[in-house]
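Right after this note come the structures.
Same chain, two partners: chain A is paired with chain B first, then with chain C.
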Partner chain A sequence: MSTGEIPYIVKPRADTGLYNAKLGIWLFLASEVMLFGALFSSYILLRVGATDWPRGASILSVPLGALNTTFLITSSLTIILSWIALRMKDLPKFKIYMGVTILLALAFLGIKAYEYSLKFQHHLFPSKSTFMAVYFTLTGLHACHIIGGVIVNSYLWGPGSRMWKTDPERFTNRIEIAGLYWHFVDLVWLFLFPVLYLL
Partner chain B sequence: MSSDAHAANSHEMPFWQKYIFSQDHKIIGIQYGITALFFLLFGFFLMLLMRWQLAFPGQELPLIGKWFGEANMPGGVMLPEFYNQLGAMHGTIMVFLGVVPLAVGAFGNYVVPLQIGAPDMAFPKLNMASYWAFFLGGVVMLASFFVPGGAANSGWTSYPPLANIATAGQTWWLVGMVLLITSSLLGSVNTITTIFQLRAPGLSFFRLPFFVWAQLVTGFLLLLAFPPLEAAGVMQLMDRIFHTSFFMPSGLMVSGQPLAISGGGSVLLWQHLFWFLAHPEVYVLILPAMGIVTEIIVNNTRKPLNGYRLMVYSLIFLGFMSFIVWAHHMFLTGMGTAISAFFQATTMIISIPSVVILSYLFLTLWGGSIRYNTPMLFSLAFLPMFGIGGLTGLPLGLSASDIPLHDTYYVIAHFHYIVAPGTIFALFAGIYFWFPKATGRKMNEFLGNLHFWPSLVCMNVIFMPMFIQGLVGVSRRLYDGGASYDFAQGVLHLNKLSTYGAWGLAIAQIPFIINFFGSIFKGEKVTSRNPWEATTLEWEAPNIPGHGNFDHELKVYRGPYEYSVPGAAKDFSPQASEKI
Partner chain C sequence: MDATKVEEIKKEIRGYYLIFAGLVSLSLVTVGIYYLHLPLGFAVFCALLIAALQVFLAAGYFMHLISEKMIILYGVLALTACFAIAELALPSIEHHNPITGTIHHQEKHHEPVSETETHHVP
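After this line comes the complex of A and B, so read on.
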């Protein structure tokens, strides 16, 4: 180790098999699991204690939710394809797949906003019932995570991609990290959709 | 050579970049340290105000009483609402802005990379972001004193429904907490990654100093325990701002009026989520302290650490168990005997590893040639003080004996013995111990003694009487210290004793403040990189390490505590030297 430089920024360390950011993102995701885990536990506790609880489908639009689910699953696929494109040293293809990922995320947010506005039109605010409170808190927090992902992915698609010229390996790693985060956000939705819309 | 180049680089940086928005772990550590010491002093000052009211209820606070305004202390006499603010904010500030940032933010940041032979933390920018999120959280907490109705006043635990209907200060508290949680989340990701990834060649896990182990386990506790409180905080914010009913049961009446809410929430949900954080948080408060004390005791007994491996296993076991004991704070909620039985069993089990660690530290003293310098004095005092705090916790961990003791001064005495003469003494010890590395100068021993002995006496004068008051049944939340209750009359005079102790403790900190700032400029210069003749890697770095920390390649040859090895030339064998 040459003195002064932080090691394992790009290359994995032999005994842990990880580069720094990869361990970092896994730790961060572990904390995110605890965050959403606490919220899902709260949902269970509140629902078990409730005298009556509406069926999600009677309030929420299952087709819109299902459409959003397919958007996110597809975007999970395209972000992997963008990472593979970089592994194949193909920057234009990366741009296409990452661009599609971002567009799918924006489409998800658009539909989510439309769903919210439908609820507001019917005066279904968070204060209406515990179900609505859970719905808005969980999907709102999830949407914040999507927005964060869109910002990061857009940076990596646009100005951040200049790193490809100077340090392609590190840039590829960054896409891997962004992908791990994005899969997690999708995974949360895969729990949210059945719990809120179907059960 | 290259570290000289780096040092030169850092000199070229403008002041604000080098010292204000620094990305160097040592500067950030010092920023954390100074900020946390300020908050410790501030939190202590809040407590002094409360102690005046407890010892002399309803009497005018002389001289400074009028400064607090008509809304808080009309004519210098404290209002109950203000007392409640002081109580809630004393707890919040001491835990989240004082002790944890000093133990984890300051010592973790400054010492861990040095002890593992790393040039910096793994993510320097994240480190800076973590400090500034913490700083912002502190500013929000301080600013909350000036909003209408004052700061949060529902206790540091913020139990609903009281906290849900409290004044605006509670919203500020929640926003401040979200910032502090974000800060410690970023910090813990950084610490854990650094320890896993940046260990010097040869530094295997079982060659790590115990302090690094303590910070590693603490990092995992912060990482996994804080998010549920963040979730709870978000839900309480929803309750307060969007009038949801996560924590609001149906049929709630406030001032004789039914609340216009949908209801159906659960008050206990908050308590579960809060204590799911706050019990591991107790170990966040104590584990780094154990780490510091271990380093200093081993160094000053000039003997290997007894049972290093078993201590590490105990530490990991402690960390794991701390996640499944939280409901011992909730025996009084009537959650059922089966659940109580489970949590009192886990609570009894978790006391075992603490006892193992403490016993090994005592055993390490046995037969050592002990050097009684200031850091050692504080570390030695830690052992019995933590022992008192820990043993008095056992009756609180058992459901039957907890119920009469719950929320009395006994509880206050119990956890303050752990945190005040326990953790805070360990933190003082750490400051005295690592001061030469950070400044190139030693702190004054005479002033150190003048700090230590009165502090030790006063801590006991403050907290020992509270055990008695608590056993009599005096509640911890009384604005008049129990004066309005018949059964408390016999122990009321102890309120004055505690208050005199608190004044004494305040005076005893003056030598420390003089010593701390004086020694930065006028302290005795240390001639060696290793003034304490220690073995761990931080003493290989130059004093006031430059950017990049070390000026030569490091390789680790042995465990962290090889003192008085038979046949060795000296009574300490540094980890990084090949010959013993």
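After this line comes the complex of A and C, so read on.
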């Protein structure tokens, strides 16, 4: 301790049972729940106060939304498998699973961009209606989270993976943290999909 | 790595595949319910119930909340849940103090519902 080293960056603290990053990510996710909660609350307020509200499927593509849901659920599985690969001391397998996670996230973003372009072609901008404003706000914020996740995961897949040689346990913890964030992003989509596309 | 630990991890992996299958199946059910063209209220109830089940599976098993034994974590999550419920309940205030231009305002003040004054969504 006298060396000025930050404690509990790898091993959990005895009283909380958590290492620093894990406590940090859960506090961050708690703030994210409040952020998306506020937007869902606004959606409810706008929807129940409207005289007329379209069913999402009449404007949005359900098959594309369902495909994106499958991509995100699959990426949740692959990121967990990448963490397990590290626990089994298998870096090449980690690279494969994390690579697949990143590709699935990019596929999700590609489809989302295609959906946006279709809307713009039909002059369906956020200013068109309350529904479109809510749709672009919620899915746009979610897409920003996906982009953030892709950047972090790409770093951990590439240059960040050098830590495996010097401090494998800490690197494994980093992947667990990245995974927790990624699962949260997946969870948000599991609510967004039915709310916006199906109801 | 000893054989017992490897076997434990393999068992864990099988569990993750099962959860994955469950999540995909529930998503298919959600889409299937839409194509049944159920009444809106019932469709909302079903969709949110399935989404809640999916959140339970993903948060419980993928995020390991089922197996975590950290009281502080549950404390943080319980506090978050309380605030989130309060946040989601905020729209109910609208019924008591309706926003001008919404159907609730017009109903409370016995005004005729006008297409131009309300939040019209094409």
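Simple rule for what comes next: the second predicted complex is superposed on the first by the 196 of 199 C-alpha atoms of A that agree within 3 Å, B and C clash if a C-alpha of one lies under 4 Å from a C-alpha of the other, contacts with A are read in each partner's own complex, and residues count from 1 in each chain.
Methods note: contacts are C-beta pairs under 8 Å (C-beta built on N, C-alpha and C of every residue); 3 or more make two chains touch, one makes a residue touch a chain.
A quick note: this is a predicted structure, and the numbers were derived from the prediction, not measured.
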| item | value |
| --- | --- |
| Touched partner set for A:158, first chain B, second chain C, both or neither | neither |
| Which of chain B and chain C A:4 touches, first, second, both or neither | first |
| Which superposed partner A:74 touches (first chain B, second chain C, both, neither) | second |
| Contacts of A:183 with chain B and chain C, given as first, second, both or neither | second |
| Chain B versus chain C as contact partner of A:18, first or second or both or neither | both |
| First (chain B), second (chain C), both or neither touched by A:148 | neither |
| Partner chain(s) touched by A:28 [first = chain B, second = chain C, both, neither] | first |
| Partner touching more residues of chain A, whether chain B or chain C | C |
| Touched partner set for A:51, first chain B, second chain C, both or neither | both |
| Shared chain A surface residues [contacts with chain B and with chain C] | 16, 18, 23, 27, 30, 34, 37-38, 45-46, 49-51, 128-130 |
| Interface residues, chain A side, partner chain C - complex | 16-18, 23, 26-27, 30, 33-34, 37-38, 40-41, 44-46, 48-54, 57, 62, 66, 69-70, 73-74, 76-77, 80-81, 84, 87-89, 128-131, 179-180, 183-184, 186-187, 190-191, 193-195, 198-199 |
| Complex interface listing, chain A residues touching chain B | 1-8, 13, 16, 18-21, 23-24, 27-28, 30-32, 34-39, 42, 45-46, 49-51, 125-130, 132-133, 136-137, 141 |
| Of chain C, residues touching chain A in the complex | 1, 6, 9, 12-13, 16-17, 20, 23-24, 27-28, 30-31, 33-34, 40, 43-44, 47-48, 50-51, 54-55, 58-59, 62-63, 69-70, 72-73, 76-77, 79-80, 83-84, 87-88, 90-91, 94, 98-99, 102-104, 113, 115, 118-122 |
| Chain A-facing residues of chain B, complex | 2-3, 5-6, 118-120, 122-124, 126, 185, 188-190, 192-193, 196-198, 200-201, 223-228, 230-232, 234-235, 238, 242-246, 261-262, 264-266, 269, 272-273, 276, 547-554 |
